[in-house]
Amino acid sequence: MTHFKYPEVIQETIKALTVKDSYKSVCHTHFFEYPMPSGNVIGEIVNLTREILFPGYFGDSPVRSESIHYYIGVNTERLFELLNRQILAGLCFQCSMSDPEKLKENKLKAFEITKDFIALLPELRRLLTTDVEAAYLGDPAAKSRGEVIFCYPAIRAISSYRIAHALVKLSVPIIPRMISEMAHSETGIDIHPKAQIDEYFTIDHGTGVVIGATSIIGKNVKLFQGVTLGAKSFPLDDNGNPIKGIPRHPIVEDDVVIYSQATILGRITVGKGSVIGGNVWVTNDVKPGSKLVQFKPKDSLYTEGGGI
Amino acid sequence: MTHFKYPEVIQETIKALTVKDSYKSVCHTHFFEYPMPSGNVIGEIVNLTREILFPGYFGDSPVRSESIHYYIGVNTERLFELLNRQILAGLCFQCSMSDPEKLKENKLKAFEITKDFIALLPELRRLLTTDVEAAYLGDPAAKSRGEVIFCYPAIRAISSYRIAHALVKLSVPIIPRMISEMAHSETGIDIHPKAQIDEYFTIDHGTGVVIGATSIIGKNVKLFQGVTLGAKSFPLDDNGNPIKGIPRHPIVEDDVVIYSQATILGRITVGKGSVIGGNVWVTNDVKPGSKLVQFKPKDSLYTEGGGI
Amino acid sequence: MTHFKYPEVIQETIKALTVKDSYKSVCHTHFFEYPMPSGNVIGEIVNLTREILFPGYFGDSPVRSESIHYYIGVNTERLFELLNRQILAGLCFQCSMSDPEKLKENKLKAFEITKDFIALLPELRRLLTTDVEAAYLGDPAAKSRGEVIFCYPAIRAISSYRIAHALVKLSVPIIPRMISEMAHSETGIDIHPKAQIDEYFTIDHGTGVVIGATSIIGKNVKLFQGVTLGAKSFPLDDNGNPIKGIPRHPIVEDDVVIYSQATILGRITVGKGSVIGGNVWVTNDVKPGSKLVQFKPKDSLYTEGGGI
Amino acid sequence: MTHFKYPEVIQETIKALTVKDSYKSVCHTHFFEYPMPSGNVIGEIVNLTREILFPGYFGDSPVRSESIHYYIGVNTERLFELLNRQILAGLCFQCSMSDPEKLKENKLKAFEITKDFIALLPELRRLLTTDVEAAYLGDPAAKSRGEVIFCYPAIRAISSYRIAHALVKLSVPIIPRMISEMAHSETGIDIHPKAQIDEYFTIDHGTGVVIGATSIIGKNVKLFQGVTLGAKSFPLDDNGNPIKGIPRHPIVEDDVVIYSQATILGRITVGKGSVIGGNVWVTNDVKPGSKLVQFKPKDSLYTEGGGI
Amino acid sequence: MTHFKYPEVIQETIKALTVKDSYKSVCHTHFFEYPMPSGNVIGEIVNLTREILFPGYFGDSPVRSESIHYYIGVNTERLFELLNRQILAGLCFQCSMSDPEKLKENKLKAFEITKDFIALLPELRRLLTTDVEAAYLGDPAAKSRGEVIFCYPAIRAISSYRIAHALVKLSVPIIPRMISEMAHSETGIDIHPKAQIDEYFTIDHGTGVVIGATSIIGKNVKLFQGVTLGAKSFPLDDNGNPIKGIPRHPIVEDDVVIYSQATILGRITVGKGSVIGGNVWVTNDVKPGSKLVQFKPKDSLYTEGGGI
Amino acid sequence: MTHFKYPEVIQETIKALTVKDSYKSVCHTHFFEYPMPSGNVIGEIVNLTREILFPGYFGDSPVRSESIHYYIGVNTERLFELLNRQILAGLCFQCSMSDPEKLKENKLKAFEITKDFIALLPELRRLLTTDVEAAYLGDPAAKSRGEVIFCYPAIRAISSYRIAHALVKLSVPIIPRMISEMAHSETGIDIHPKAQIDEYFTIDHGTGVVIGATSIIGKNVKLFQGVTLGAKSFPLDDNGNPIKGIPRHPIVEDDVVIYSQATILGRITVGKGSVIGGNVWVTNDVKPGSKLVQFKPKDSLYTEGGGI
């Protein structure tokens, strides 16, 4: 009985996997002192920011008038330190060679960006306060603003979006995408960090919502689950690859409501105050004040075993 | 080279963030001895309940006839203790001032509710056994009941729902919502804990399913992914806010099947034994035994670069 | 004041929950030395495999030409050990009695399967490299292949699928399902591990995608969020249960694109090069080169308080 | 081959171990809402106190003039909360029955004691500053006060002692003993929390030092490793048990140095400025300014294999 | 500036460290399925045993008459499982080749030994109850038996010794030594697991106590800190190595007290009821009822700068 | 009932503790990018080094001829990275101002030192192999070299010493002291990292051993527990502080054995081949080949209640 000898296949496979040709297009080369972005730390950064913006709901920051500044102080300093290093990691992520000058330059840049982000925190809180208000007022099941802040996936997704969007505006690479994918994974809501979304924004239920990179959303807009603000097919360049950076997602003006599973495609405009019904598919401009709904489904015959 | 001095912007931002006006509507004030609900502990409570109800599948509770009672015993005592404190935290969540009398009253209430919940565990197991049966029999890909219990997101979401619903009936605030949002995040299935769902309920795949707060679902109902049982627009009160508590979601009678992405809206009734096809949008009553399907899509022209 | 005595209801409930009839159909009996599959370890296995296949992106495996073989070596050995035990656990999961001979046989089998899986790693890397290529080229928002590997939920879901599918082909029970449900929970993308998917496969956004067990997908296929490749109703056997194992999901040929929320049902064929528009519902064969889109939604009247 | 059946001896042993007579004198009965002292939390309390008293050396509390008050603030609030609960646990530890009135009384008492302890923190820092000074000046190997604070087991043991002694003076049961045993385990230095030790106290190396409960130590005393300040035999009461609470350990006056392994026993006085040499055994008063040393060892014959 | 290139010395050192000659006498070869003993698991085993023997003091096992059997049951089953695997690891530790037959034999042996150990638990509790009694009655500072069980390093060290000694008697290799070294590290008390110690044994303070492998200690013996029961020089074999297994440590009869820092060497007998004073060095038999003390130290002159 | 109001004493105490005068001599000021040494990471560094030097005993590094280089490779690279940062932290520990030039210089220095340390690993393994040999041959209770490596506190303490000493020779501040204090805490053996110790060194039992900073120990020396190689009183400088750096501890020549609790003080020489008996106190040179023992203790009268 000799079955459990060390299997040769392990050695052979390791050999095959370390042939350079087999990994060169799917590997990431590390350079000394160039940190790698860390999903765990970025998760902590988002939580810490939420803890600062909504004092008393998350983490260990009890709010009392006597002591709230201690918690805001400690959390803001810690945020500064963690974020500074992740921004540096983001700046290094696409560097293709180890270069002390480049590293030094990136360190200065990361430091400046981090300061700029910290300065944006009060405005982030103001914006999110409008989103909480919109979610609370718009949902008959909501008992209190506290419940909305503490439990609603929409607020989780929108706060991650607003953080990621602030970083995008400061030209931070990769990190905003990581933040939005983490929120996507937790909530099923996929908001591209480049999208522009104004105040009093809310999403109900939310699973399946997709908001593309060049979308522009006005004030006081409400989306339901499964809504897509997407692109139609893309113009290709001479090599047959999609041309990047062209506006290709919808503009949704103020006071629009879009019901569940609706799909809005292309650089069209949904006019102010429109209501888009569930499960529709829209690829042309919608005039302000419009109401769009799907055709009523027909009744059909249904034969047993024969499927729908 | 003076770049890395302590940045003044940190102090200024902390100052701005601790101005009372900036946080007063989005903060939660803590009072001594008023515990805060904890997402981690509530996750543990749900896992522990699953471990008790489905012995041998989760946690460290081996099932052997000689010793099963030890594990059920230890887990039930632990569940009592954890749940008691979280229910108290839920009761305190919306208190607006520190009041020893109120705290004492809440403690008694939490203790009574916890006892009542514990007493419901056998009925919860009975109901979930019917759901497992429905999932197993209804899915040609299911190999065994064990696979259904151990792997299926539907059972994960439905067990969380049944736990949360039991707590809703015992008037526990906030905690049921937290439980349902955790299941929502894990499975993409969003069942409001106030919904009423009878036995032998199942969901296939499940991502994107939404079941609203006043929905009523009969026995032996099956939903596929993306199904919405939602509300139409809400009546508003004199202040322009939605009136809370009005029945506004569908009634789905026994033996109904609803296929993927269908949207059923408003306080309508889907009659016994009906089959609703995928991607339809229903806002009127459906007679018992109906079969509804979407119009067949047309073929269209497709010009290169011009979108679909 | 005698409220906080040890509540008798705990003892009564424990008694009720340990009555054999109450748990026998929802419990899993443990036998000595028969390990139970562990979700945590399986998560670690998937991460380790990703770390081996995409060196330098995940875990702690810096890639430098001098040292990459150390990391691949350590990770592959560790993968062997963890996987071997989980495969054994999978083989034991449905055993109904403790039998030393059976256990010995399963150990040999697990060992052989693990070796076969390890030998497949280079092919898995080759396949996933094509998927990364497809995602990168097909998305105008993608900045680099690195961003695709590091952040895109599609790559996360597809790599989990390809690992799970390799295990399915080696006849490993339960473990592939666990892997696919974990990816489903993280990404909202539900690919059955039995589905057959060829190279250069990609999914955009992805939440809500469902790919059924008997689906067959060709080369260079792209799906958007919410697409279902599902089954229609199932033929039943004499006991009224679904007949298992019959092909019942679509065949999607090479170069097909399917837009968001489309539902393709039954063992139909979507011909080479077809484009399926969003939100459509397809239950019949689609000829090669077809373009299908939904009817354009009508404008409707909207009366206040009266719903959409 | 039937070896791995569930062994009956497990059931029999469990039965034997749950016979009340077998455990009644070595068990601790729990009552609802009476917390049990927790070694882990007490460890955290000691660390937190050290972090407050020596800012910047322990934990995550960077010292900068701009922000030190945030860290002191957060840590002091957290210390209050943790300590309050452990003091309550200590007060409950020896309660022999569940009594709501007693619990309420203990809660008030714990709250008052915790406040009193917090108020002592500045004096604790002052005292420990003198101990750091004594250790730094007295050790030719010490490079800086920072090294003494950060690395020296003496400072670790003395700071635990000073915390524990403050709690003893506030009549907290059990917790001080737990603190001193934790320091004992870490450093090999065993200082009874009831001992009275004045400022500028230091210990070199420290392993094996024992300072008994009724010892009184003056200012500027230095001990080396292995020194015992112990009791001689104890007077017994009528039942043959030691009479508790009688002064039975030495008084060591100001400016005394005691070298390694010396044993000082009984309620004797070692006069001001005395020096006690290593390995001596002292049971009588020592006059101020004395120098005591051991006899010089003789040379002896040593025969091979015959022992020393 | 090229300082941070990957340093070649790393590759050279790795090469040097993997030359077989450099590691062959200080490495441990692993064989598939031969587990390695784990310090962490052994620590858990000791804690679990303490939790079973002293119910209510350690871990999460509240003692109430209604439910104590659940906790004892779960803990005993868990102890069985963990211990079984560590005993197997101990049996494999010194195997020098991978041999399936040997492995099978070791598994059977480990299983039998584990059963025998479990059956000894009630006797272990009885013995430890006498030790607790001795510690409580003998220490004027002890407030209650609970304090002794919960806090005293002597009880920690003696309970580890009694567990380790039980495993020694069952011929388990390496594991007993690991247990005693863990207690040694925590308490500074070094009791060889082969020593034989009768009931009502206690140690005060304890740091520095050493009890050698062939020591025999009677009933009701008390040791203070720093006491050594050691060996004199050892007879050597023809190769100049110590002959193993010869009785070489003291026999201490009933009712003996040995004060701090005393050193008792060689296979001598300290007769019943003797008292050995602190800091003495004993290498001959001591008659029953003797009292031994050190010479009184002389006063000496002390010149500044000239040493003691 | 107003007892549980937020206590004002917290605010007052925080205020007192943040007065600069109260903390200035016991605080450590942080500068941006100057890392602080971390006890946890240094513990990991020591474990990793042990794992590299004694392959197969610690951590997760199975030794098989096929794969040992993977583990040595990964561990050595990781050691490089962790150590580099801790050495930098050590160099920064005593910097008194933030200075970019100083930081840059320290980075280069840390990088060079780390490379030098890595290059010393093979010699460290050679030395430790001689220590293992000495411990194995010298202890009749040792079953195998494996047991010595895996369990003996002496090997733990000596390996930490040899690592720390190598860092001292490379002029690393603070880190060596941290390493030796960690070993001191675990084993009760306190070896100053500056001491010079030649090959084949061993310690039996070990608790209480102290080896001072300027000690010099030859080949093949054995110490027992409680041995002190210490300093007598120190010459003082003009300010009354001890003069640092003067040789003040013993020289112990080859082949010396020192039995338990012996105290050797001052810059004396214990000649080659000497044997020092237990509990003696030596302050003068000892000629080669000497045997020193304590006087035999006298028998004394013992009166009840009157002490020994």
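Labels for the chains are A, B, C, D, E and F, by order of writing; each one numbers its residues from 1.
Just so we're on the same page, a residue touches a chain if its C-beta (ideal position, glycine included) is under 8 Å from a C-beta of that chain, and two chains touch if they have at least 3 such contacts.
Just so it is clear, the model here is predicted, and its values are computed rather than measured.
Student: Just grab the chain with the largest centre-to-centre distance to chain E, centres being mean Cα coordinates.
Tutor: It is A whose centre lies farthest from that of chain E.
Student: Given the two chain pairs A-F and D-E, which is bridged by the higher number of C-beta pairs in contact?
Tutor: Between the chain pairs A-F and D-E, D-E carries more contacts.
Student: Would you identify the chain whose Cα-based centre sits farthest away from the centre of chain B?
Tutor: That would be chain F.
Student: How big is the gap, in whole Å, between where the Cα atoms of chain B centre and where those of chain E centre?
Tutor: Their C-alpha centroids are separated by 52 Å.
Student: How many angstrom lie between the centres of chain E and chain F, each centre taken as the mean Cα position?
Tutor: Each chain's C-alpha centroid was found; their separation is 23 Å.
Student: Please set out, as single numbers or ranges, the residues of chain F touching at least two other chains.
Tutor: 3-4, 6, 10, 62, 64, 67, 69, 73, 77, 188, 207-208, 226, 259, 261, 265, 277-279, 293-295, 308, in rising order.
Student: Can you tell me which positions in chain F touch chain C when the two form their complex?
Tutor: 60, 62, 67, 69-71, 73-74, 77-78
Student: Spell out the part of chain D that touches chain F in their complex, as residue ranges.
Tutor: Per the stated touch rule, the residues are 52-57, 62-65, 68-69, 72-73, 76-77, 80, 108, 111, 115, 118-119, 121-122, 125-126, 128-129, 132-133, 137-141, 143-147, 149-153, 186-188, 205, 207-208, 224-226, 232-233, 235-236, 259-261, 265-266, 277-279, 283, 293-295, 297-302, 308.
Student: In the complex, go through chain F and note every residue touching chain D.
Tutor: Per the stated touch rule, the residues are 3-4, 7, 9-10, 12-14, 16-18, 20, 22-23, 25-30, 37, 93-94, 173-174, 177-178, 181, 184-185, 188, 190, 192, 194, 207-208, 210, 212-213, 226, 228, 230-231, 234, 241-246, 248, 259, 261, 263, 265, 275, 277-282, 290-295, 305-308.
Student: Tell me, which parts of chain B touch chain D in their complex?
Tutor: So the residues of chain B touching chain D come out as 6, 10-11, 64, 66-67.
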